[in-house]
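Two complexes, one shared chain (chain A), two partners (chain B, chain C).
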Partner chain A sequence: MFVQALIGGISQGAIYALIALGYSVIYSTLKMGHFAQGDFYMLGAFIGLSLSTQLGLPAVIVFTGAGLLTSLVMLGLERVAYRPMYNRPMNALLIATLGMQYVVQQIAKIIWGSDVKRFPSMFDNQAIHVPFMGDSIAITPQNLWVIGICAALMMALVLFMKKTKTGIAMSAVSMNRKAASLMGVKITTIITATYTIAACLAAVAGVLMGPVYSVSFSMGGSMGTKAMTAAVMGGFGSIPGAMLGGVLLGIAETLCSLYISTAYKDVFTFIILLIVLFWKPQGILGQAKITKV
Partner chain B sequence: MHKTKKSTWVVIAVMIAVALAAPVAVGPKNNYMLNILISYCYFGILAASLNLLIGYTGQMSLGHAAFMAIGGYAYAILNKTMGLHFLIAIVGAVVISFICGLFIGLACSKLSTIFLAMTTSGFAKAVTLIIINEKWLTGGANGFTGIPKLTVFGHKMGNFELYYVALAITLLVFLFCYRLIYSKTGRAMQAVRNAPIAAAAMGINVNGYKFLVCGISAALAGLAGCIYAVNMNYLSADMFNKTSITLLTMTVCGGMGSLFGPVVGTLVIGTLPELLRTFSGYLDGVYGVMIILVMLFMPEGIYGGIKNLAGKVMTRKNAASQPGKEAQDGK
Partner chain C sequence: MKKTLKKLLAPLTAAAVMGMALSGCSGSDGGNSSGGSGGGTTAAQAGATEAPANTGSGSGETSGEKPVVKVGVMCPMSGQSARFGELYQASITAAMKAVNEDGLLKDYTLEFEYVDDKGATDGAPTAAAYVLDQYGAHVSIGHMLTTMILVSGPMFEEAQVPLLGIVSGPASVAQGFQYLCIETGTDLIQAETLLQYLVEEKGYKKIGLIHINTEGGTSAADHIEKVLKEKYGEELVTRDAMTSDDTDFTAQVLKMKDGGAETVIFWGLNQSQGNVCMKNIEQNWGKVPEEILFAGGTSMAQNQMTETWDSKDVEGVVFPVGYIPDESNPAIVRFIEDFKEADTLNQDPADVPARVYDSVFHLVAALNNLGPYDVDAEDFSAKLNEQLRKTSFDGVQGHFDYSAFDDGEGLGQMNIGEWGPDYSQRKVFPK
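So, the complex of A and B:
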């Protein structure tokens, strides 16, 4: 039972990690949050649903298509709503992202309606039984695919940040925005790239999670909050931190609903957030920030 | 010492006069309009309380409706379940929301505003879940029914009388905000918003003020929750779901960091659902677009926009009547 829950928790946590990575990337370049992140997860799930059921495309194309289309939407919205505010006080941008949350929800509501939609599973549903320490554990291929795809994407992101020119420019902007701009890094392009990457990751997470929970226009909010908790837990703005935080939160949540109460799962997430904020606000892998004048 | 201009006092007097005359104009039996008028009162208090937090201290709360829910439920439980007098129940409800606000403030006062926003949005979710699951205390998903009307000296108050009570409380809240903002505490709050490091260097206890304002703001939201509970006679968890976004739109669109802003925001955004009754499915999207548009083009909100426009017109008029003055000022 415990090991079974552990595997479920890791696969759930991998999803949190994927969305939390979006927060981390945005926080490290812009030093601010993006409250609409959870709603791009929702948008990705809906686009994936349309591609998979209405057009009947294979899974690979559904994933890349959902990721790319959601990124395109983000690109458009960023150009219209966010870009004029990069040089203003940060609170303006933060409030605008809150408004964006409702705009994205409204778009989804207009296109796909306000009903809860079932997302047919894209993978084989037959559980694999693995003998382990005397009892047998059922692992669904869905769980394995989720863990596998998330791991691959995280690896790709780390490689992108370390090896490509754009990735290195992102790190430069996160270290010192002014100096990076003096070295010829185009700050606006880099910020746009961060938003696009974040939206793409969230969209893939949405397609992965769609068959597990059904898809509805209001599902982004709670996922966003949980992923943010994961990001804070690991260390806000740190990429390995977001991965670790996501997986830990997933495991903690699954164990909580197994041993304590299912109804209070979200309250438990909030309590974890409070504990982290009181005990170690910089997160597990984050570094304490010293503000210099 | 701060001095308010004579013209401002005239505007305030006119507004109060209109507010006093409004229920008589719509008729004391017109419950639909009276309910809308009372909703202006509690939304006004809520917007003012959120304005203290966002506008004056630069902190963000996404779950302000949670404090309102706590206030409303605390009032309902103290008044109906425990049978206390309504005045004691109101004081109790305000104290309970104050404590909840302080607790959230304690968790976040050391951190940047993003963390407070996150924690409050998580807090709102947690409060909703607790209300739904603790059936014995709150009535669960069916809601809390049968909250009694206020009774003074054996006289049961209808909506007509309740409106005047709510208006009096609202005016007191605005007076409190006015006194607070122009006090030492208020100046410290604005210093914290504008330049936290400089404020700390001047000896202002930055974390302490953030902590305190969280509490005050939550207490005021709790007070609004009490009025809401008395007005509706019924509370349920999903009534508060939409309030957070409405509230944020009111505060942001009305104008952050000014006392008139919440009033303008409440009147404009509070009327919007009634005007857009046929498009009620699009209301959230309209709020979202409004927030973004205001942030893009009028960062000081509708009130700030009007004030700037009026200022420009005035200077132009002055310049026209006194040619040459502008040229001198230019040098």
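So, the complex of A and C:
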């Protein structure tokens, strides 16, 4: 029962991790949060739904298309709502991301309506039963795809940040924006790239979850909150930290539901968060800031 | 010049505001209402009153031969829930067609005024105020949500005007309103009927329960636990609460499996969550419904299931419901035909239209029992209420007997339905 619950928790946690990666990418570059990240997860799910059901495209194209189209929407909204705020106090941009939540929700509501929509499954749901210690554990292709895609995206992101020019530029901007600008890095382009990557990650998570949970315009709110919790737990700004935080959160929720009570699941996970922050205020894999006096 | 203009501006503005206020305060006649955001938008002419001989204007006047009983219908006519307003109208039209064809209403004529309550709690008091104060209704039908009844109920109590509530939340009857009748079975009756089916009919002893953590869900779960223990001498294998945000039920399913549960009751509001739970059961436990029966609350009966569940997944899911299509029942067949004819989208009726339909027959039965009475009398509504609270009649949801309860309930037993192939539904209990 423990191992079975663990698999479920890891699968659920992988989704949190994917959205949390977006938070961490944005924070690591821009040193601020993005309240609308959960709603781009929702938008990605809707776009994926349309590509899958109305155009009948295969899964690979649905994922790619949803990621690209959601990124395009983010590009447009970033240009209109965020870019004018770059030279203003950071709070102004933060408030803009808060407002963006409602903008994205209303866009989805206008285009797709307010009813819950069923997203046909793209993967086989037939569980594979693997013998384990005298019993068997059930793993579905859905679980495997979720964990696999999330792991692959995380590795791709780490490689991108370390090996590509844009990724290195993003790291430079996060260290010292002025210095990076003086070295020829186009700050506006880097910021746009950061938001686009975050939107793409959230969209993929949306397409993964859509067939599991159906799609509605309100599905992003709670998922965004949980992913932010995961990002904080793992270390806000740390990409491996976001992945770890997401998985830990998923496991903690499932094990608490199994051994304590479903009613206290959220209480339990927040207690864990508090303990982590007391022990390591920067998160499990976050880097402590050293301020020289 | 500028000074003169400035001097004139203030009195002109004041006059304009006064003029707008006075025009906005004009009372409604029988057809048009313009008072506030809850004001009725369609007149008695709108469909539902084609049958009565006189629908016209004027409060409480005798219209032709029979006195007119004014019925305020509070339903959503704008916003997301506007479709429900159309369902209300179609149901009332269908009901009045049957009433008039069979000559069921002997001493009165009914006039219906539709008032937009926006399908939300904040719209309820405005709609109720219009119905009571401006329209002067003798009786009212309405509201979609229990919270709306809780808000407007006291207003009807104070006005001593009966309200026929189209809701199933037990909280509405728990308030002790004397002027409220419920036009379906409450969640507690639904839960009892479901247990009766699972334990007595199907022979299940080990039941696992997952319920939404709202007040309604928790009270239904408490009731299930209590009835299972007191009536059947059994205990729930597991009982878990869920939130509306939960997206995985692996842990709950594993607990039920470990406890040896034979059937699962999923008492929630969100049909998608039910689908996730069912899939978690199939992944971690066994086939539904062949190995584990999946039962839900009345939310599992709704047409939204066809939008969130695959047709293969939904087959075999059982649910308590008031109304279920039944070709062997001529009253239901007639209801379906008349409703489809009246509905703008020609759809089959579901649970909510059935409740509205039955409410009209409830009213008709009560008026017949009251007999001829002066509709202008101060105590007409009170007298009507007395009859409403003790009338019995056969509706499309089943047999109503309000004298068997003292809290405004009338339907003592629900039906148990089952989803079949291609999103069809059939009644499985009582046979």
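In this text, the second predicted complex is superposed on the first by the 272 of 293 C-alpha atoms of A that agree within 3 Å, B and C clash if a C-alpha of one lies under 4 Å from a C-alpha of the other, contacts with A are read in each partner's own complex, and residues count from 1 in each chain.
The rule we apply is simple: a contact is a pair of C-beta atoms (placed from the backbone, for glycine too) under 8 Å apart; a residue touches a chain by one contact, two chains touch by 3 or more.
This one's a predicted model, so the numbers in the text were calculated from it and none came from an experiment.
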According to the stated criteria, A:Val212 is in contact with first (chain B), second (chain C), both, or neither; which is it? second
For A:Arg118, using the defined touch cut-off, is the partner it touches chain B, chain C, both, or neither? Pick first, second, both or neither. second
Would you mind checking which one, chain B or chain C, touches more residues on chain A? B
Just to be sure I read the superposition right, which of the two partners does A:Ser257 touch: chain B = first, chain C = second, or both, or neither? second
Thinking of the overlay built on chain A, is A:Ser222 touched by chain B (first), by chain C (second), by both, or by neither? both
Considering only the touch criterion stated at the top, classify A:Ala179 as touching first (chain B), second (chain C), both, or neither. neither
First (chain B), second (chain C), both or neither touched by A:Ala96: first
Identify the partner contact of A:Gln12: answer first if only chain B is touched, second if only chain C is, both if each is, neither if none is. second
Which partner does A:Ala81 reach: the first (chain B), the second (chain C), both, or neither? first
Of the partners chain B and chain C, which touch A:Thr269 in the superposed model: first, second, both, neither? first
Where chain B and chain C land on the same part of chain A: residues 114, 222, 263, 266
Complex contacts: residues of chain A adjacent to chain B: 27, 32-33, 35, 81, 84-85, 88, 91-96, 98-103, 105-107, 109-110, 114, 221-222, 225, 228-229, 232, 236, 263-264, 266-267, 269-271, 273-274, 277-278, 281, 291, 293
Mind pulling up the chain A residues that touch chain C in the complex? 1, 4-5, 7-9, 11-12, 114-118, 120, 125, 127, 138, 140, 209, 212-214, 216, 222-223, 253-258, 261-263, 266
Chain A-facing residues of chain B, complex: 54, 58, 60, 62, 107-108, 110-111, 113-115, 117-119, 121-123, 125-126, 129-130, 132-133, 197, 201, 245, 248, 252, 281-282, 284-285, 287-292, 295-296, 299
How about chain C: which of its residues touch chain A in the complex? 80, 210, 213, 240-243, 245-248, 250-252, 254-255, 258, 270-273, 275-276, 279-280, 282-284, 304, 307-310
